[in-house]
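Before anything else, here's the structure in question.
Naming follows writing order (A, B and C), and every chain is counted from residue 1.
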Amino acid sequence: MNCMKQITLLIVILLLLTGCWDKIELEKRAFVYGVGIDLAEEQSSSKSSKIKLTSQLIVPEQLVTLSGGGSGPAYRNLSATGDTIINNNRETLKQTSRVTDVTHLRVILFSEDVIKQPNLFKEHIDVFLREKDMRRGMLIAIASGKAGDLLSVEPEDEKLPSHYIGELLEIRGNIETVESIRIGDIQEKVLQQESFTLPQLKKLEPKIIDYEGIAVYNGRKAQMVGTLKGDEAKGLNIIIEEKNTGTLNIEVDGKVAAIELLRIDHKFQLENNDPSNLQFKINLKVNGTIAEQYGNQDVMKEEVHKKFEIELKEKISELTEKAVEKLQKDYMTDVLGLGTYLHHYHPKLWEQMKNNWEIGENYFSKSKITFDIDVLIERPGTINKTSDGSRFR
Amino acid sequence: MKPTLTHGFISDRDIMITVTTNIIGITTLTFPRIIAEDTSAADGWVPILIGGCIACFLAWLIAKIASSFPNQSFFNFTSYLLSKPIAVIISVLFILHFILVSSYQVREVSVLAHQYLFDKTPIQVISLSFLLVVVYGVAGSRAGIFRLIVLFYPTVIVGLLLLTLLPIGLFKLENLLPIFQTDFEGYLRASYSGVHVFLGFSIILFYIEVVKEPKNTPKMAIKGILIAVIFSLFLFLVCVGTFGNATTSNLFFPSFDLSRAVEIPGGFFERFDVIVFVIWTMILFTTTLISFDLVILLMMMLFKKANKMKLIYFLSPLVFLLSSLPVNYIELTTIGRFLSNSMLFLIILITILLGITYKVKGGNQN
Amino acid sequence: MSMRYIFTGNSNKPKNNNTNNNNSPNNKGEEFSITIEKDLAKNIETIKTMLGNPSDLVVRETKVGSTETKCAILYISGITNSDLVNNNILKAVQSSKIQSSQNKDQSNNNSNQSSNDQKNNQSNKEQSNNSQSSDNQTSSNKSMNQGTNNSQLNNDSQSQNSQSNNNNQSQNSQSGNEQSNNSQSNSTLLDQILTEVIAITDSKKVKTLDELSFALLSGNSIFILDGEQTTLIMDTVGGEKRSIDEPQSESVIRGSRVGFVENINTNLSLIRKEIKDPNLRFDIHEIGRRSKQKLAVCYVAGIVNEDILDEVNRRLKTIDIDFAPDSGVVEQWIEDSFLSPFPQILDTERPDRLTYNILQGKIGILVDGSPFGLITPITLGDALLSIEDYNQRWLLGSLLRFLRYISAFIAVFLPAIYVALIAYHPGMIPSQLTFSIAATRENVPFPAIVEVLLMAVTFEILQEAGIRMPKAIGATIGIVGGIVIGEVAVSAGIVGPATVIVTSLTGIATFTIPNNSLAMAVRVIRYALLIGASILGLYGIILVFILLAIHVVNLKSMGIPYSSPFAPYFLGDLKNLLIRAPITTLTKRPPYLKTDDIKKINDGGQSSK
C-alpha cells in the first residue's frame, strides 16, 4: 500500500516537474561574489556616463577542493560596458553558460573615478537597494585606480579576490581603517544627503591589496571629495569610531612607545546658538594600555604613568585637530556627524541652517571645534620593562 | 457527540486572538511606511497610540451593543434595532466590502511573493493556489477556522517578536531623534492612518454570535486591540530605529525589509526573511480566511436556505477574478486605500446607527 | 441458506437464529440435528458433522464413576489445555465415587413417579420434598414456582431440576414416562457432576448447539451425559501462546519491559495488575462474524467522560466484519476520518502506556489476537509522546521531548526545504555552504527534486526490505543499502553528497517518532510537501503546510478536536506536551477530555510534609 502510494506520487511529481517557472538548479547558477564599477574608457556623448561592470563569478568546483579537482582559478571575471548596472549584468549573460545570481554578492567596489563624479555613485547604488535578491549587508569600498583590477588580485591564502577584500574590510585593529560600511547603512545617509566615509583600497602588488585610507563622501555634492590618509585618518577615526580601535605611537622622553587604544567614547556638545559661529566641544574619553615601549621607563611609577597619559593626550589632540582642519578647510565636508547631532538634538537650529551646512554659507567650516580629551591608561601590559638600564649602570 | 455548531463554541480568549491576528494581518506590512511618511523621526508612536485608543473606544462600543444580544446573529440584532430593510442594506455593504477585502488580500500575497520570491511565475498561479487553500479552509467548520487561528497565533507572536528583537544589533537610538518635530497637520494625518491600522476589530460584530459567554467580549476585544497596538508600536520604533525615518518611508514593505536587513551569523538560514515570509503568508492567510468566512456568514444570514458549499463555489471564482483585476501596484495601493476608508466609513456608520437606536430601544430582546 | 451459517452467525442476533432454526429441516447441506438430543452417540455425531469431522476434535467416551451412565468429553486439541481435561475432568469423572448415584436415581424415580401421578400438577410440592433431602425447602419451593435460576449455589441444582422438570412435563404429553424418568435422573446426575466432580472453576451448563459449538471452538471442553439435553462446558482454554515479551516497536531504556501478547486475557490481566481500582471496567464486545473475537473496552469509571465512552461503544457495535486480524482493523473501522493520513487512534504495545492513558481519562481497546492495544481519543501531540518521558527526570524528559519535536520537524520538512532552497532560493543558504553544495552538484545529471525522490524511494525500499528480510540478513541490509549504495551513488556522480545527507537524516529522524502509525503518516506527508516545494518553492511548502493545518484543525478523534490542546488552547496542558514539567506539577487530567474527575494529584506532592 505504502509502496503503491509512493509510485503514484512519483508519477504525479514527474508530471508536475514540467511547470516550474522560477526554478533554476543550483549548478545552473553563476554566483556573483564581488563587482567592480569603473568608468568606461570610451565615453559616449549621451547624458549619463557609461560604466564598465566587472563581475566576479564563482567557480565552485575550484573553490571547494574535491578529490580530482583541477587547479585553475576559483573565479572568473567578466566585464561589460553600458549605461546601467543591471543592463551590464545582463550583458555578461552573453558570455556565460549559466544564469548570474547576485544573492551572494558580498563586495561592491567603486573606482575613484566613478565616485568623484557628481551624483554617479548615488545613481549606481539604486540597483543594489532595489533588486530583491540583493542583501542589505553588502560591503562597499572605493578603489584607487581601476576597481576591476582589484578583483584580479590573487592572494596566496584566499582563492577568491572578492572574499579577500571582504575579509580585509572587516578586520579590526588598525586605527586607520573604518568599520566596514554596509549598503543598508548608507541608504539613509544618501536619502538625507548626509556625508559619510568609505574605505579606500589600492592594489599594492599583484598579490596584495592595501587599505589606503578613508574616502570622504560629501552628501550635498553627491561626490567624493578626498581621502584621509595616515595621521588624518587616525584623527578622524578617534573622533567617530566606536568599535574599531588600534595603536598610536607616542614619544616619551625621546623614546618611542606604542599605546593600544581599547575604547574611545565620544560625545558632542554645542556651546552656543549662533549659526554663523557655532562652537562645538567634543568630549573624547580614551582608554588604553601600553603595548610596546623602547625606553626603560618604570611604568609602575605614578609620574611616569602620568607622562604616558599626557603624551597620549597630546598625540590625540594633534591628530584630531589635523583631521578636523582638513575636513573643515580642504574638504568642507562633515563626516564627523555634527550635522546629524544638530538634527537630533537641536532640530530648530538645524532647520535654519541645514541648507547652508556644507554648501553655500558653509556653517560647518565656520564653526569652531574644540576637544576635551580625557585619557586613561588602564594597564601597563604584563611586564614593567624589558631592559633595566639603571640597575647595572 | 458532535458539538452543536449552532451557538457558542468559541471562548473569549479566541475572540481576542482573532481580533489581534486580524489587525496584524491587514495593514502591518505597510503601515510603518504610511505613518513615517507624515511624521518626523519616531514621532509616529503618538498617532499609533491615538489610533489605537480610538479603535479601542469604537470596539468597546460595538462589542457592548453586540454582546447585549447574546448568541444572536448580526442580522437579527441590527434588524431589531434598525428595522429589516436597513439591516439588509448594511449587510450587503459589508458583504461587498469583505469580498473586496478577500480579493485584495489574495492579490497582496501574490505581490509579496513576487516582490521577494518569484520573478517569472505567473501571478495567477500564485493567487489561485492561495485561494484554493483558503477555500479549503472555509469549507471546513467555523470552529475549525477559529482553531486554526489559535493554532497559528503562537507562531505569529513568536515571529513578530523575532522580527522586532533580531535587528537590535542594527538599531540606532539616534535614529529616533529628534522628538516632537512633527507639525500638527502631520499628526492629524498620521492619526487618521493610525485608526485604519486597527480597524480589524470589526469582526466582533459578526462573530459575537458564536461566542460562548459574550459578557466579557468588550474587555477581550480591547485586550486584543491593545496587543496589536503594542506590537505595532514596537515594530514601528524598530523600523525607524534600524532604517531611519527617511528609509522607512521609502520602503514598500518596511516590516518585511526589516527581516532582510538581518543576517543571522552562522545560522543555517543566513537570511531571516525566509522565516518571516512564512509568517506573513500565515497571517495573510488567516486574514483572508476570516474575511471570506464573514462573506459566507453574512450571506447565510440573508439567504437562510443557501447551501454553504454552493455559496463557496459561487464566490471563489468571483474573488479570483476581482483579485486579478488590478493591473499594477499603483492600482493596488489605490484599492487598499479605498478599502480601509470604506471600512472606517462602515464602522462609524454602524456605530452611530446602533448606538442611537440602542439608547432608544435598549438591548436584551429575545 | 447454508446450515453452517447458523453456527457461525452472530449469536447476538437471535432473530436470525430463529429463522434458521425453522428452516433447518429443509436444509440442502449436510443434514444434522440442530438441537441437542438425548442420545449421546447422536449428539457426538451431530457435532462431528457440524465441524466437518475434524482431525483435531478429541472425543472421549467413558462412564461416570462406577455407574453405567455413558458420557463423553469433547475438546479440540491444540487450543485446549489437555492436562486440565485429563486431570480435572476425565480423571475426576471416572474416579468419582458417586455413592448416592443409585439412591439418587431411586429417589428421583420416586419423585418422578409421584410427579407423573399428579399430572399437570403445578405446585409440585411433594416432588421437591421427596426428591432431595434438602435443607432449604422453602426457597426451593419458591424457585420452582418462579421457574427461574436462583443465585444461591445450593438452590441452583434444584431450580435446574425444576426447570427441566417443567420442560419434561410439557414433553411428557408426547413421549413416554420412561424417557422423562431417565432424563430426570440424569439431569440431577449432571448437577451433581457439575457441583461435586468437575474441578474446573469456570464451568456452566448450556442447552443450545450454537453455544456449545462456540465454546468448543474457543477451546472449552464439553461434557455430554447420555440421555441429557443439557451439556456442560468447562473453561479449559489453553494451547500455545507467546510468553510476555519486550515490546518490539516501542522499546525504552528506562521503563517496563512488558509488552502485550496476542491473548486478550493475558492482556487484560496485565492491566488489572497495574490498576487495582474497583472502578476499572472492561466492557466486552464480540467482533468478527466468523472469528468471534473478544474485544474489551477498558476505562476507569468515575474518570472517563461518559459521552466519549458511549460514542466508542456505539461505534464498536457497528463493526461488521468476518475477522479482525489485528486491532488495526478495528481502529480503521471506528476512526473519525478514514481519509486522513493522521492516526486518530493510538496503538501501543505497552501496557504501562495504556494504563497511563486510561488513568488520564482515555479509553483503551484490546482485541483478541492482537498485541496492539488502542487508545482513544488522542490528539496530535499524544502520538509524539513516549511513556519514557515520565520515567526520566523532568529536565531530561523535556529535552528529549524537544529533540523529538525537532526531529519530527526534520522528518517532515527537510527534503522539501532542501529542494526549495537548492532550486529556488539559493540566497538563503550561507554563502560558503552554497558554494560547497554547488561544487558537489556540478556533475549531477538530475534536478534536485528527482535526486531527492530517487534517494528517498531508495531509502523507503531499503526500509521495507529490512522488515521482510530474515533477521540475520536484516542487519546487513543497513550496511549494504546505507553505506554502499549511498557512497557508490555519490562517487558515481548520480546524486550529490548533500542529498544523501538530507535523505538519510530525514530517514533517521523519522525513527525518533515514538509511534509507528504517525511515522507512516509523516512519510506520506513528506512527499506532499516535496511536490509543493518542487512547484512553488518555499511558497509551495507554506501552502501545503497550511493545507495540513486546516486538515488537522478539522479532524477529530471520537469528537475531541485533534489539535487540542493547542487549539482549542489549554495552557495548563501544554506543560505536559511542549515540555515535560515536573511530575508534581502535573496535577490535572487533560482538560479537553472533560473528565469526571479533574485532578490527578490533589495536593501537588505536599502530603509528604
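The criterion applied here is as follows: a residue touches a chain if its C-beta (ideal position, glycine included) is under 8 Å from a C-beta of that chain, and two chains touch if they have at least 3 such contacts.
Given the structure is predicted, the values throughout are model-derived calculations rather than measurements.
*Asks:* Just to be sure I understand the contacts, which chains border both chain B and chain A?
*Replies:* Per touch definition, common to chain A and chain B: C.
*Asks:* Can you figure out the chain closest to the middle, judged by Cα centres?
*Replies:* Of the chains present, the most centrally placed is B.
*Asks:* Taking each chain's centre as its mean C-alpha position, how far apart are chain A and chain B in Å?
*Replies:* 42
*Asks:* So what's the Cα centroid distance for chain A and chain C, whole Å?
*Replies:* That pair's centroid distance is 74 Å.
*Asks:* As a quick test, compute the distance in whole Å between the mean CA positions of chain B and chain C.
*Replies:* Chain centres of chain B and chain C, defined by C-alpha means, are spaced 51 Å apart.
*Asks:* Where in chain A do residues touch two or more of the other chains?
*Replies:* 22, 135
*Asks:* Residue numbers in chain C touching 2 or more other chains?
*Replies:* 424-425, 427-428, 431, 536-537
*Asks:* Tell me, which residues of chain B touch at least two other chains?
*Replies:* Expected reply: 117-118, 121, 125, 271.
*Asks:* Considering the complex alone, what residue numbers of chain B touch chain C?
*Replies:* 1-3, 11, 13-14, 113, 117-118, 121, 125-126, 129-130, 133, 136-137, 140-141, 143-154, 266-271, 273-274, 277-278, 281-282, 285
*Asks:* Under the stated contact criterion, what part of chain C meets chain A in this complex?
*Replies:* Listed in rising order, the residues of chain C that touch chain A are 422-428, 431, 434-442, 444, 447-450, 453, 457, 460, 464, 520, 523-524, 527, 530-531, 534-537.
*Asks:* Spell out the residues on chain A that touch chain B in their complex, using ranges where they run on.
*Replies:* That would be residues 21-22, 132, 135-137, 184, 187-188, 191-192, 340, 343-345, 347 of chain A.
*Asks:* Could you pull out which chain B residues touch chain A in their complex?
*Replies:* Per the touch definition, chain B meets chain A at residues 115-122, 125, 170, 174-175, 177-178, 181, 243-244, 246-247, 250, 257, 260-261, 263, 271.
*Asks:* So in the complex, the part of chain C that touches chain B is made up of which residues?
*Replies:* 307-308, 310-311, 424-425, 427-431, 536-540, 542-543, 546-547, 549-550, 552-554, 558-559, 561, 563, 566-569
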